[in-house]
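Listed after this line are the structures, all set down as C-alpha cells.
Both complexes below contain chain A, partnered by chain B and then by chain C.
Coming up: the complex of A and B.
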C-alpha cells in the first residue's frame, strides 16, 4: 500500500471556538490507483490533503490524532527536514488556482528548474534543460521559447499544465490534485484531465483527486470516498457508487445534479445546509438533513459499516449510515423535491 | 405573500418581450498619453441577435471570454453598446435616457454571480432588498416597504425576521436568495441572471435552481440565464444560444442543441462535459479541442472558430458563416434544422441518448 491514512483528526482554533475539520478519516491509495475524494466546501477534503502533504497551517490548525503511513513510514513522526525531502520528491500537489500558486516574478523555467537545483543539486543550466523537457511532456507548444515567459503570459489551461509539470518534475509516487480543473473551462478541463490520466498511467503514480464535481469523478476515478463534516460517509468502487449509493447523502448529491442528457422537471434538493464545524450535530452529522433519520441517528455516531449484503455490495464498500441496507435496496433515503433552504 | 401577486398581463400583443439585434460592444485599445490614439479594439461582443418571449427562459452558454457576461451587462444598461439595438416591447432601450430609461430599467433586473461581492457588507438585508424602492419610490409607498421586504424574503425562502441581519451572517446559498429577492423587488418582467448558481455547492445549487423555476411560474418571469455549466442551462432553459468569441454560433430549443447539435464548437463543448455516469466513460466519444480561444482583440478572419476546428477549410478563412439554418437541413424541418453558423454543419450526437429515461 502506497498511502494509508488512519483515523486522522485535525482541528482549527477559530474565533467561534474549535472547528473540527477532520474527524477520524481513513483511506488508502495504491500505486497506479485514482482515489476521488468528493465533498462540498467545509467537508474536510482539502484539509486532509494538506495534512498528508504537511502543508497545514499550524497554528491555527492542529493534528490531534491518527497516522499517515506513506510507504510504511508514519509521516507525522518525521522531523520537518525529513518531511521536506518527502514533499516534492515523493509526493506532490496540484492546486486549483495555478495563477496564485506560481510565483509571478520568476519565469516558469526558473520555477520548474528550482525543483532540480534544490532536490537534485543540478546546475542552473541543466535545470533549465530539464524544465524545457518537462514543458514538452505536458505538451506546451514551443517549450524552448516559452520557458523564459512569466506565469501571467500563459492562459489558464497552460498554467495548469505548468503546475502538473512541476508536480511531476521529480517523478513522485503520489500526486494530490486539489480541484485541478475547477477554474478551467470545460474544453480545457477535458484536455487537462486527459493529460493527468495519461501521465499517471505512464509513471504508475497514485492519484488523490479532490473534487466536488460528480462528473469529473465518474470520468477518471477508480475508487471514491465521500466526505461530510470531516468524516468519510461512504466509500466504494466508482461504478458501484453511481449504480447504488449506500448513504442518503450520496444519494442526495447524485439526485441533485442537473443532467446533460435529459431535462428533468424539478431537481431533488437536500434540505438545509452543511453543519458548522464548530457545532457538528451529535450522532450522525447528516441527521438534521436526512429524510430517513431515526432516533438512533440523533444519538449514535455511525461507524463505517462494511457494505457486504444487498445489491451491488462487495469488498471495498463502506457506508457510515445506520440504515445503509435500506438505502442500498431502494430509494427510501430520497426525500421530496424542494427549494427550501 | 399577497403583496407579491403576479402582475396581470398588461397587453396581449404577440411581439417578443425583448428583441436584441446586432448588439456590439468594443472596448478601444489606445496608445500614447497626451495624444490617445486608438490602435485596436477588444471585440467582446461582436454582433449578437436574439429574442425573448414572455415567461420564457433563454440560456446563453459559452466559455470564459466569449462575451456572455458583457451581453448581460448591456441588457440591464450597466454597459452602453457600441452598436445595435435592445428593444423592450418594441422600444429601443439604448436610445432612451432620463425618466424613460428609468421606467424601462425597472422591468429588467439582474441577479449576479458572486453572492459575496454583490451585496454591500455594511447594509442590512432589509436595506439591500428595499433599496430598489428608494430608487423607484412609485413602486411602494414608504410605510409599506418593511412589509414588502418581508414578503420578498419569505418568497425566496428566507426568514422574514432576519431583516436586520448583515450579509456575512448568511451562507452562500442564502446570500444568493437575498440577491434574488432584490431582483424581484420591483416585480420585473425580465431577470438577467449571470452565473447565479456557479459559486454554490451542489446541494445548495439545486435549491436555488428550483427556487428560480418556482418564481418563474409564480410571477410569469422571463429569464436570460447565463452560465458556463451546460447541464444547469439545459435543465432551466427553453431555448439555448451557444456563444463563441462574441457571437452566437448556434441556437435552438434545448432538445435541438443538446440532442442534435450541428456546429462543431457546440459538439466539442458538449462532448467535453463530464457526465456523472462511470458506465458512459468508454461509450462516449470525446472531441478534445486543441489550443486556446483566440484573443478577442485579434479575431480570426472568416469563421472565428476555424483556428480550433477540425473541419476548417479555405472557405472558413474567406467567408464569415451566417447564423441561419444550414442549407443541408433546410428542407427537412427535423430537429437538426435550427440556426447554426457553420459552412459545413453536420449533425453529430455527442450526448449519450437519454440514459436517465431508460432508468426506472
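Coming up: the complex of A and C.
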C-alpha cells in the first residue's frame, strides 16, 4: 500500500472555539490508483490533503491524532527536514488556481527547474533543459521558447499544465490534486484531467483527486471517498457508488446533479446547511439533514460499516450510516422531501 | 522601439497576412527559434513555429491554439540587450530595466540624478571657485559675470556653494536611505516571515519610534552632538527612518507569504530560507525599493530642515540647508540667496521622487 491514512484528526483553534476539521479519516491509495475525495467546502478534504503533505498551517492547525503511513513510514513522526525531502520528490501537490500558485516574478522555466535544483542539486543550465523537457511532456507547444515566459503570459489551461509538470518533475509516487480543474472552463477541464490521468498511468503514480465535481470524478477515479463534516461517510469503487449509493448524503449529492431528463423540474437540494465545525452535532453528523434519521442517529456515531450485503455490494465498500442496507436497497433513501414521483 | 505587446491587434489564427512560404513548417525543429529572421508582421498569427507546435504538437485546435498564440504575441520583445528568445533568460529586473528605459519620467529623473552625482563627486567640474572663499564687500550682491547666482550674506559665491552643497545632500540622502532600507527591510522581512514573538516585539518597537516626531527628535538628539561631520545626521535619520521601511517590508512579506505560490513551493519541498529569498523577497521587495527611493528625496529635505534649525550640519560644512537657513532673513532684500539653493533642493527631491514613481511602475509585473 502506497499511502494509508489512519484515524487522522485535525483541529483548528479559532476565535469561536476549536474547529474539528478532520475527525478520524481513514483512506488508502495504491500505486497507480486514483482515489477521488468528494465533499462540500469545509468537509475536511483539503485539510486532510494538507496534513498528508505536511503543509498545514501550525498554528492555528494541529494534528491531534492518527497516522499517515507513506511507503510504510509514519510521516507524522518524521522531522521537518526529512519531511521536506519527501515533499516534491516522493509526493507532490497540484493546486486549484494555477495562476496564484505560480510565482509571478519568476519565469516558468525557473520554477520548473527549481525542483531539480532543490532536490537533485542540478546546475541551473541542466535544470532549464529539464524544464523544457517537462513542458514538452505536458504538451506545451514551443516549450523551448515559452520556458522563458512568465506565468501571466499563459492561458489558464496552460498554467495548470505547468503546475502538473512541476508536480511530476521528480516523478513522485503520489500526487494530490486539490480541485485541479475548478478554475478552468469546461473544455479545458477535460483536457487537463485527461492529461493528468494519462501521465498517472504512465508513471504508475497514486493520485488523490480532491473535488466537489461529481462529473470530473466519474471518468478518472477508481474509488471514491465521500467526506462530510471531517469524516468519510462512504467509500466505494466509482461505478458502484454511482449505481447505488449506500449513504443518504451520497444519494443527496447524486440527486443534486442537474440532468437533461429532469428538464423543467426543480433541482433537488439537500435540506439545511453543513454543520459548523465548531459544533458538530452528536451522533451521526448528517442526522439533522437526513430524511432517514432515526433516534439512534442522534446518539450513536455510525462507524464505517462494510457494505457486504445487498445489491452492488462488494469488498472495499463502506458506509457510515446505521441504515446503509435500507439505503442501498431502496434507491429513494431520501424520504418524503423528494421531488421525484 | 514600438511596444509590440501592447499595440498588437491581438491573436488571429485565421489572419490573412501570414506568409506560409517564408517559413515552411518543418524546416526547423520545433522549440528552436533563430532570432532576427522573424518579420514583425508574423507576430499576430503567432508565427509559423507556434502554429506548427500548437497544431501538430497538441492537436487541441481552437481555444488552445488561440491561447498559445496569445502567449506568443505577449512573448519577449527581443531587445538589443540580448533579452530576446535566443539571449539569456529575462528576469524581473531586466524586464523592469527595459520598461524604465522607455519611460520619459525615468529618463529625466535619472539624468538629473546622474548629473547630481557627478557634481557631488567632482564639483570642480562646474566651478573653479572655493565655496569658503568669501569677500564681505560683495555681500548680498546680485548676479554678475563670473558669478551667475550672485553672492550671499557673507559675500560667498552662491553658484559655487550650490554646486558644493550637492555633495553633502547626496551623501546624506544616499547613506541614510541605504541604512534605512537595509536595517528596516531585513528586520521587517524576518519579523513578517517568522511571526510570533519576534514580530510582536518588533512591531511594538516600531510603534515607539513612530511616536517620536522627527523634527523634535532631531532638535533633542542632535543638539547634544558636537561632531562636524555628516554621520550623526545620517545616524539620526536611520534611527528614526527604519521603522517606516520595516513596517512596509513586514507587511509586504506577510502578503507575499500568504500567496498560493509560496504554499506551492512548500508543497514541492522548498526550505524556509529558500521560500523567503526566492519566492517571497522578490515579490515583497518592490514596495521597499519604491518607498526608499521616495524617502531618499525626503531625507535630503530633512537634512536641509535640520540644518536650517541649526542642529544638522554646521558651518563651515557647505550644505543647501545651511545656505537656505542663512539666507532666509534676507529674502526681501536678496531673494537670489535663498532661491538658488532652495531650487536645487527642490529639483533634487523631485528627481528622486519621480525616480521612485517610475521604478514602482516598472517593478509591478501586473502592469506588463
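One rule holds for everything that comes next: the second predicted complex is superposed on the first by the 329 of 341 C-alpha atoms of A that agree within 3 Å, B and C clash if a C-alpha of one lies under 4 Å from a C-alpha of the other, contacts with A are read in each partner's own complex, and residues count from 1 in each chain.
Rule of thumb we're sticking to: contacts are C-beta pairs under 8 Å (C-beta built on N, C-alpha and C of every residue); 3 or more make two chains touch, one makes a residue touch a chain.
Computed from a predicted model, the values in this text were never measured in an experiment.
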Practice item. Answer with first, second, both or neither: which of chain B and chain C does A:100 touch in the superposed model? Key: second
Review point. What is the contact status of A:252 with respect to chain B (first) and chain C (second): first, second, both, or neither?
Key: first
Point to revise | Touched partner set for A:40, first chain B, second chain C, both or neither | key: first
Check your understanding: Touching A:188, do we find chain B (first), chain C (second), both, or neither?
Key -> both
Check your understanding: Given the touch rule stated above, what does A:158 touch, chain B (first), chain C (second), both, or neither?
Key -> both
Exercise for review: Could you look at A:82 and tell me whether it touches chain B, chain C, both or neither (first, second, both, neither)?
Suggested key: neither
Review point. Where on chain A do chain B and chain C both make contact?
Key: 155, 157-158, 187-188, 191
Study note, to complete from the structure: In their shared complex, chain A is touched by residues of chain B numbered 63-64, 157-158, 171, 173-174, 177, 201-211, 213-214, 228-232, 234-236, 254-255, 258, 268-281, 286, 288-289, 292, 351-357
**Study point:** Residue ranges of chain A in contact with chain B within the complex
**Key:** 40-41, 155-158, 185-191, 193-194, 212-219, 221, 238-239, 242-243, 252-254, 256-264, 266-270, 273-274, 337-341
Check your understanding: Which of the residues in chain C end up touching chain A in this complex?
Key -> 30-33, 49-50, 53-54, 57-58, 60, 63-64, 67-68, 70-72, 74-76, 85, 89-92, 259-261, 263-271, 274, 278-279, 282-283, 365-366, 368
Revision key, fill the gap. The answer for chain A against chain C in the complex is residues 53, 55, 84-89, 92-93, 95, 97, 100-107, 109-110, 114-115, 118-119, 128, 132, 136, 139, 141-146, 148-150, 152-155, 157-158, 163, 166-167, 169, 187-188, 191
